[in-house]
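Note that chain A is present in both complexes that follow, paired respectively with chain B and with chain C.
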Partner chain A sequence: MDYQQLLLALLPDLLVVIALFIALGVDYSRLRGSALAKRYQVACQISAAGLIAGLAVLLLQIAGTMPLMKSTADGQLVLNTGTLTLKALLYAMGLGVLPLAKRDPITPQVSEYFALLLLATLGMGFVVTSRNLLGAFVALELVSLSLYAMTVLNQAKRASAEAALKYLTFGAVSSGFLLFGLSYLYGATGKLDLTQMTGLQHSPMLVLAYLLIFVGLGFKLALAPFHLWAPDVYQNAPTPVAGWIGSGSKIAAAALLLALLQPVFDAPKLKAALIPALAALAVLSMVVGNLGALRQTNLKRLLAYSAIANAGYLLVGVVAFSAAGNASVIFYIVVYSLASLGAFGVVAVLTDKLGREAEISDFNGCWNTSPGLAVAFLVFLLSMAGIPPLAGFLGKFYLFFAAIEAVPEAATWVDGFYWLVAFALIMSVVSLYYYLRVLKAFLVVPADNGAAIAPSKIGWATGITLCSLALAVMALGLWPEPFLGLLKN
Partner chain B sequence: MSTTTLTLILTLIPLLPLLAATLTCGLQNGRRAAAVAIVAMLGSCGLAIAALIESWGMSEAQRYTNDIPWLTVGETSISFDFVLDPLTGVMAAMVTFIGLLIFIYSAGYMKDDQRMARFFCYLSLFAAGMLGLVLANSLLLLFMCWEIVGVASYLLISFWNHKPEAAAAGKKAFIVTRIGDIGFLIGILLAFKTTGTLTLYNEAGSGMLQQDLTGTVFGISVAAVISLLLFMGAVGKSGQLPLHVWLPDAMEGPTPVSALIHAATMVAAGVFLVARTFPLFEVGGTLPVVAWVGAITALVAAFIALGQYDLKRILAYSTVSQLGLMMVGLGVGGVSVGMFHLLTHAFFKALLFLGAGSIIHGCHEEQDIRKMGGLAKPMPVTTIAYLCGTLALVAFPFTSGFFSKDEILAGAWATNQPVFWIAAAASLLTALYMTRQCLYVFPGVHRGEHTPHESPRIMTVPLVILALFALGLGGLAKGTILDKLPHLDYEHTTIVLAVSIAVALGGIALGWLIYRGRALGQAADPLAVTPLVRKLWFDELYAATVGRLWALAIVIAEQLNELLLFIRDLAVLLADRIGNAFAVGGDRKLIDTLAFDGMCNRLRSAGHAVTRPQNGFLPGYLRLIALGAVALGILVFWL
Partner chain C sequence: MITALTLAPVVAAVLMLALPEARARAVALVGALVSLALAVWMLVQFDITAAGLQFSEKVAWIPALGVDYFVGLDGTNALVLLLSALLAPLAVAASWQHTDRPRTYFALLSLLFTGLFGTFTALNFFHWFLYWELVLVPSFFLIKLFGKGGERHSAALNFVLFTVLGSVAMLIGFLFLHQQTGTFDFIKLAEKGVPVSPLIFCAILAGLWVKVPLAPLHIWQAPAYAAAPTPVAMLLTGVMSKMGVYGFLRIIVPIFPEQLKQHAGTLMAFALLTILWGAFVALRQTDLKRLLAFSSLNHVAYCVLGVGALGITADGLKVDAHALARQGVILQLFAHGLAAAGLFYLVGLLEERTGLRGRNDFGGLSAVTPRFAAVFFILTFCSLGLPFMAGFAAEFLIFSGTFAVAPGVTVAATLGLLATAVFLLTMLQRVFTGPVNEQNKSMPDLTRNEILILTPIIILVFWAGIYPATWLEFSQKLTQLIP
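Take a look at the complex of A and B:
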């Protein structure tokens, strides 16, 4: 193995790790006893510097100006424009989480907070670039463990600890399922490298392996019936962490699911056996997510149910088992994640002075006090609801189109995925109800007793983050082709 | 010029005004907004002239197209296509140049308006849409820009929306043009179905206009059907009969808007559309339809113009009439003839409108020609410029209107003699109503209450520039434009020239005879007979037919709406119940009953008030994972 090549390939990750250690070191030595605000500031700056440096190297790698190996021999790293773009996107989104995390000093363990954020980001980067069963699993565990720990960071809050415990227990069980599934997959094929698993034959063992994988990844994606942790965790985790759980880790999990399903593409019998399972998960998630969200009064809990529903839509693209379907899934999860991170960002900015988890009615009259935030929130939520010209619309359109195109010769509506798409369409109509209910609070309803929720100073970093997220959601809706082109490479 | 530079130039031409629109929408300061918009327009104008020069070097049938991918759906991809050929080049240069002059003029005209920044935002948006429309190489992009200019026109007509007439006029313009747009849209869909692409031209030669369109729809040639549907859109946008009714009302907008949108550029978009898709009309054999609709519009509108007293309304009907003549030009002489008149008309009609704006400004917002008169002395620059525009419009020999109208008449004489005589009659009436208007406005004594004054230099300088173009452009551009753009073959005969000069001079003489020495403004006007003053009752006719039908439809729709509301209430009630069931019942109770352990734990720990009930759920939650896995297994293996 050429170590110089490996060093170049892993340079972004190394830079982030170095920043992580510097952040920890500085916080423990020089800033011992400094004011909390100061420590947050410094840790945030160092982490941001690391991510920016990593991102810069990644962009060079994507542009092809750096000599870069295509992949390692065992598929541990597969570096092409598609995977690198996703990794860069995750780094950029991680960069966006930092200013949100800095706003609200929830814990005295400052450097750990930022170190965990960086670790989670690193893990996600590895998940999307790995095509090796073991490598991907370890990377996914890195993500999960960091997220568990971050959920509990706010020790002053009992509910937070409770949610974290639930998350951890759930995660541990699901990881067990996932690992079990991966080991069956290995047992059936004798290979760890997903790119080399070709010519799979239909066998009960393989079907079982994939079912177990669905359970494990169903937890990460919050698919019903493996979704039960999501509402509690979304509600009680610190808002920036919830935002990161609801965006970055979703991208990683979706990318891993697609990578794991890649070998199934040219195994028609296996594919036919798996489709009912995926379709059932999709339908169940859409029902539970959309109907569950209808009556929520807590905004973050509502966003959790919306995440469940969106994971359901996502599977509509997965069942297509086509290149177009894969592209649509990645496009959708990216668009959803941008909007989700943005929505959590707005909530974080608006509620960090509130001292409790915000109810929807707390946002009444927001339009008058902070019109910019209200407009940004409008963009994010309408994108999730799939209203053109925002990217969420195109995302759904591509998903459904791919599902219908997957069986072009379908004679009746039950042959192809027409029924699934029709169901998803009906469910997205239902979803409009709760999205618009939230927006009504933000934009229409006057504040109770005249005092609308007011954010603390937004700050330029948060402002830029929210602006660029909103712009990205609009730009991807208006001109998706360049991004899709990068992914397809 | 390298292709990259050319792509950049073509992209920037519409993008600069769009950027200006984005920037100015956040500005409060009107002067700053005007500066931003004017600078953007200046840049656009420079680039458009560069593009024009480049396109002039192209041989016939050579085109530059580019292809920026936008959306790919399955096999079909849609892209931002721009095309550069002489037609595009000349149109883009005209739009940006006249646009620039009108932007400058507006900075003076709107100086005292509170919402000047907003005005420039809308104007820039309009310019961006119009330029996109001109450069578009796909019917879809063209249609989108077509709608953008429609919206901008709506916003600008009803810019003074505190006036109910202005608000109503904006709505009328939007809705009436939409009727034509339905046809346009159906035409686009049919074209896509037939050819499988919306791109007009491409390198491979498989663009929509490069294919042979054979085949029939309902027994009629498909090219004929598509071209007629597209022509419906053109009829709406270019104010042809019977959809012309919105254009005169659109004069409620600020005068620079009338000059830019409702005289020089947007209303000409319909003519441009026919020119752009001319091969379809040629193949479909629908050019006579275009010529006839144009001729009838030209005559009727010129008639109505005779009976109007509002300075701008006369010009508006004149625009409708001239647009009709352009259609005639396309129908009988080909792209070059119609486009040549479009070009000369854009200059002299913009000049006339800006002159009218200057007059109205000088007369303290008075628009009734009966209350004007005697303006020649206090407003010398405006008067001379206005008279130049008038001469060009009536096709006085050797002004630019003369050359372009002569081509139309020559083409009509060769291919369609009835149309020739109608167009000649329309030209006679044109000279008559313009003479009438000028006699009302300029000589004699002032009949208004205020003392008129000349407009500031920022408004008169554009007038002078446009006046030079109105006089000279026709003679200068005649040869090159007719050569560069495709046109049909026809002979020039002396009889056409004689008729052309005779109607122009005859109309002026007739007007002179009728109105000379009359006590204008006090005595009855011999030509303003009731049918003409009432605009041939078009509005009343529509109110009695379409309006009635509409009222009936509203009653039915209201009943239907009641029904739908009832169904909606039911649905909401149902959703409410289901949601409740899920939130309260499903999430908690389902797990409660499923998770026996959880229940037991809760019972056991009921005494310990400290233990929160949720903790007890956890094993139940976990059990559900296992249950889910088992259910999946059953589904896959046994169902």
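Take a look at the complex of A and C:
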């Protein structure tokens, strides 16, 4: 193995790790006893510097100016434009979470907070670039453990601890399932490298392996019926953390699901056995998510149910088992995550001063006090609802397009995925209702007693984050070609 | 050129957000006028002897999905594009006095214009559908935020839910078409002539059905029209109701000729049902806006009747029934758009001045406001189909076409004409004749600005009635082309 090459390939991650240690070190030594605001400021700056440096190297790698090995022998790292783009995107989104985390000093353990954020980001970067069963699993656990810990950071809040405990126990069990599934997969094929698994034969063991994997990843993606943790965690985790759970970790899990299913592509019988399971998960998630969201009054809880529903849509693209299907799934999850992070960002900014979890009615009259935030929220929610010309529309269109194209010989509604697509479409009409209900509070209803919720100072970093997220959602809707081109690899 | 026309209002909308609130209306007007100027210029340059598309633009957009950005103008959309480009600045002018959150209002209105222009010019399903849906967003908010009455919330929601469900069905239909043919291009799809299952045909039909609307899926219409602010109602009835019929002409007729042939009878039956339903329900309406909404339902259904006639073989007839029907439909889109928008504007003025819009709340207004009455009479008579006005020319063409191929249905449809005459004349009688209602004695007549808004409509109504050839020329070549 060429260690110099490896070092070069992992340079972005190394930079982030260095920043992580500096942040911890500075916080423990020089800033001991300093004001909380100051410590948040410094930790945020160091973390941001690390991520920016990492991102810069990643961009150089994508542009091809750095000589780069394509992959390691065992598939631990597969570096191509597609995986590197996802990694860069995750770094950029992680960068966006930092200013949100800095706004609200929920915990005195400042540097741990940021270190965990960086660790989660690192883990996500590894998940999307790894094609090795063990490597990907370990990376996914890195993400999960960081997220469990971050959920409970606000120790003053009892509900937070309860949510974190739920998250941890469910998460541990599901990781067990995932690992069990991966071990069966390894047992059936004798390989750890996903890129080398070819010519899978249909066997009960493989079906079982994949079903276990669906349970494990279903938890990470918040697919019904493995979604029970999501509403509590979304509601009670610190808002920036909930945003990161609802965006970055979703991208990582979806990318891993696709990578794990890649060997099934040319195994028709196995594929036929897995499709009903995936379709059932999709339908169930769409029903639970959309109907559950209808009666929520807490905004973050509503977003959790919307995440469940969106994971359901996502599977419509997965069952296509085609190149177009994979591209559509990645595109959709990216678009969804951008909008989701943005929505959580707006909520975080607006509820700084609230002191409790925000009800939808708390946002009444927001249009009058902070029109910019209201417009940004409009963009994020309409994108999730799939209203053109925002990216969410194109994402859904692409998913359904891929699902329909996948079975060209289908002559009836039952053969192809028509019924699934029709169901998803009807469910997305249902979703309009609750998205519009939230937007109504933001844009239409006047504040109850004349005092609408108002943010403390937004700050330039948060402002830039929210603006660029909104712009990205619009740009990907109008001109997705460059991004799709990058992913194609 | 077409792209510039479509995007001008959006640019205006973005500018509005940057400029002071008081400037919003002026910016909106400029955006709409730019579009109108471009539309007029294109129609003047339009080569009526050439077959096929003109001013077309085609750029690869999302190759992964087989989507091109493809727009163009031909006989089918030339007139509706002019109509929408004309009504756009008029709608802005009609809302000149609007003071409630003007920036939001005019930005939404401009967005609506873009959606409409885009729908009428797009020739690739993807962005056609994008515009088709885009129209909903501003309309929903315009009705909900700026509409009148407590009913507006449910009206806006019903309107959106109905249309979106229709669109969903249509989307599946087109995904199927793409899977079969590998293209979303309307023109290419028409050339390929795919065999499709009746379910798919119904799915696509459903989207248009709701939008036209045809009975029994029209129940969203009257509440939405009644609740919408007047300028928006002008656009709803004048232009948006044309989107559905345009969809029939652009999609059903060229892409599904076989299916249309098979189901022409059913389609005409439903059109007939809608015509009669609209007319007879309108007889019982006392709210002027609801009355006009049902009248609009009835008039647009004539177009669908004409479309149905295109599906019935006309071999061995002395007249070219298909050409007559097709030109009639296209002219009816134009004529009804003008008259209905004008009438909604006038009723809106009544409401603004008196706060009333019941059919029986007025009386003797022709003595109080002679100019207002004159314009109202002209537009009503145009709706009625009085000779020398646009409505007559269009309906005459449609009926000559349909009578040749389906005399029974046509005769039954004339019953609708009769009922139309009754309710429109009753409206005129109750509002404008008889004793003057005390409280309306001081109602001001039309101001100069209002006359300015109405003048182009009146001129075109007469022009299309007395010399329809100017307008029919655009679609002439089209009818010769397609058998």
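Rule of thumb we're sticking to: the second predicted complex is superposed on the first by the 489 of 489 C-alpha atoms of A that agree within 3 Å, B and C clash if a C-alpha of one lies under 4 Å from a C-alpha of the other, contacts with A are read in each partner's own complex, and residues count from 1 in each chain.
Keep in mind that, in the parts below, a residue touches a chain if its C-beta (ideal position, glycine included) is under 8 Å from a C-beta of that chain, and two chains touch if they have at least 3 such contacts.
This one's a predicted model, so the numbers in the text were calculated from it and none came from an experiment.
Trainee: Looking at the overlay on chain A, is there a clash between chain B and chain C, or do the two fit?
Mentor: Once both complexes are aligned on chain A, chain B and chain C clash.
Trainee: Once the shared chain is lined up, is A:484 touching chain B (first), chain C (second), both, or neither of them?
Mentor: The answer is both, since A:484 touches chain B and chain C.
Trainee: Name the contact category of A:291: first (chain B only), second (chain C only), both, or neither.
Mentor: It touches chain B, and chain C stays clear.
Trainee: I'd like to know which partner A:429 touches here: chain B for first, chain C for second, both or neither.
Mentor: After superposition on chain A, A:429 lies in contact with chain C alone.
Trainee: For A:166 in the superposed arrangement: first (chain B), second (chain C), both or neither?
Mentor: first
Trainee: Contacts for A:462 in the overlay, against chain B (first) and chain C (second): which applies, first, second, both or neither?
Mentor: neither
Trainee: For the three-chain arrangement built by superposition, which of chain B and chain C touches the greater number of chain A residues?
Mentor: Result: the larger residue contact count on chain A belongs to B.
Trainee: In the superposed arrangement, which partner chain does A:387 touch: chain B (first), chain C (second), both, or neither?
Mentor: Only chain C is touched by A:387; chain B is not.
Trainee: Tell me which partner A:337 touches in the superposition: chain B (first), chain C (second), both or neither.
Mentor: neither
Trainee: Considering only touches as defined above, state whether A:189 meets chain B (first), chain C (second), both or neither.
Mentor: The answer is neither, since A:189 touches no partner chain.
Trainee: Between chain B (first) and chain C (second), which does A:231 come into contact with in this model arrangement: first, second, both, or neither?
Mentor: first
Trainee: Out of 382-390, 400-408 or 436-444, where does chain C collide with chain B after the chain A superposition?
Mentor: Comparing the options 382-390, 400-408 or 436-444, the clashing one for chain C against chain B is 382-390.
Trainee: Could you give the residue numbers on chain A that contact chain B in one complex and chain C in the other?
Mentor: In chain A, positions 324, 394, 397-398, 401, 405, 479-481, 484 sit in both the chain B and chain C interfaces.
Trainee: Within the complex, which stretch of chain C touches chain A?
Mentor: 61-65, 126, 129-131, 133-134, 137, 144-145, 157, 160-161, 164-165, 168, 171-172, 175-176, 178-179, 197, 199
Trainee: So in the complex, the part of chain A that touches chain C is made up of which residues?
Mentor: The contact residues of chain A facing chain C are 324, 327, 382, 387-389, 393-394, 397-398, 400-401, 404-405, 408, 411-413, 418, 421-422, 425-426, 428-429, 432, 436, 443-444, 479-481, 484, 488.
Trainee: Any idea which chain B residues touch chain A in the complex?
Mentor: 69-74, 79, 575-576, 578-580, 582-584, 586-587, 591, 612, 614-615, 618, 621-622, 624-625, 627-629, 631-633, 635-637, 639
Trainee: For chain A, which residues are in contact with chain B within the complex?
Mentor: 158, 162, 165-166, 169-170, 173-174, 177, 204, 207-208, 211-212, 214-215, 218-219, 225-226, 228-229, 231-232, 273-274, 276-277, 280-281, 288, 291-296, 324, 394, 397-398, 401, 405, 430, 433, 479-481, 484-485
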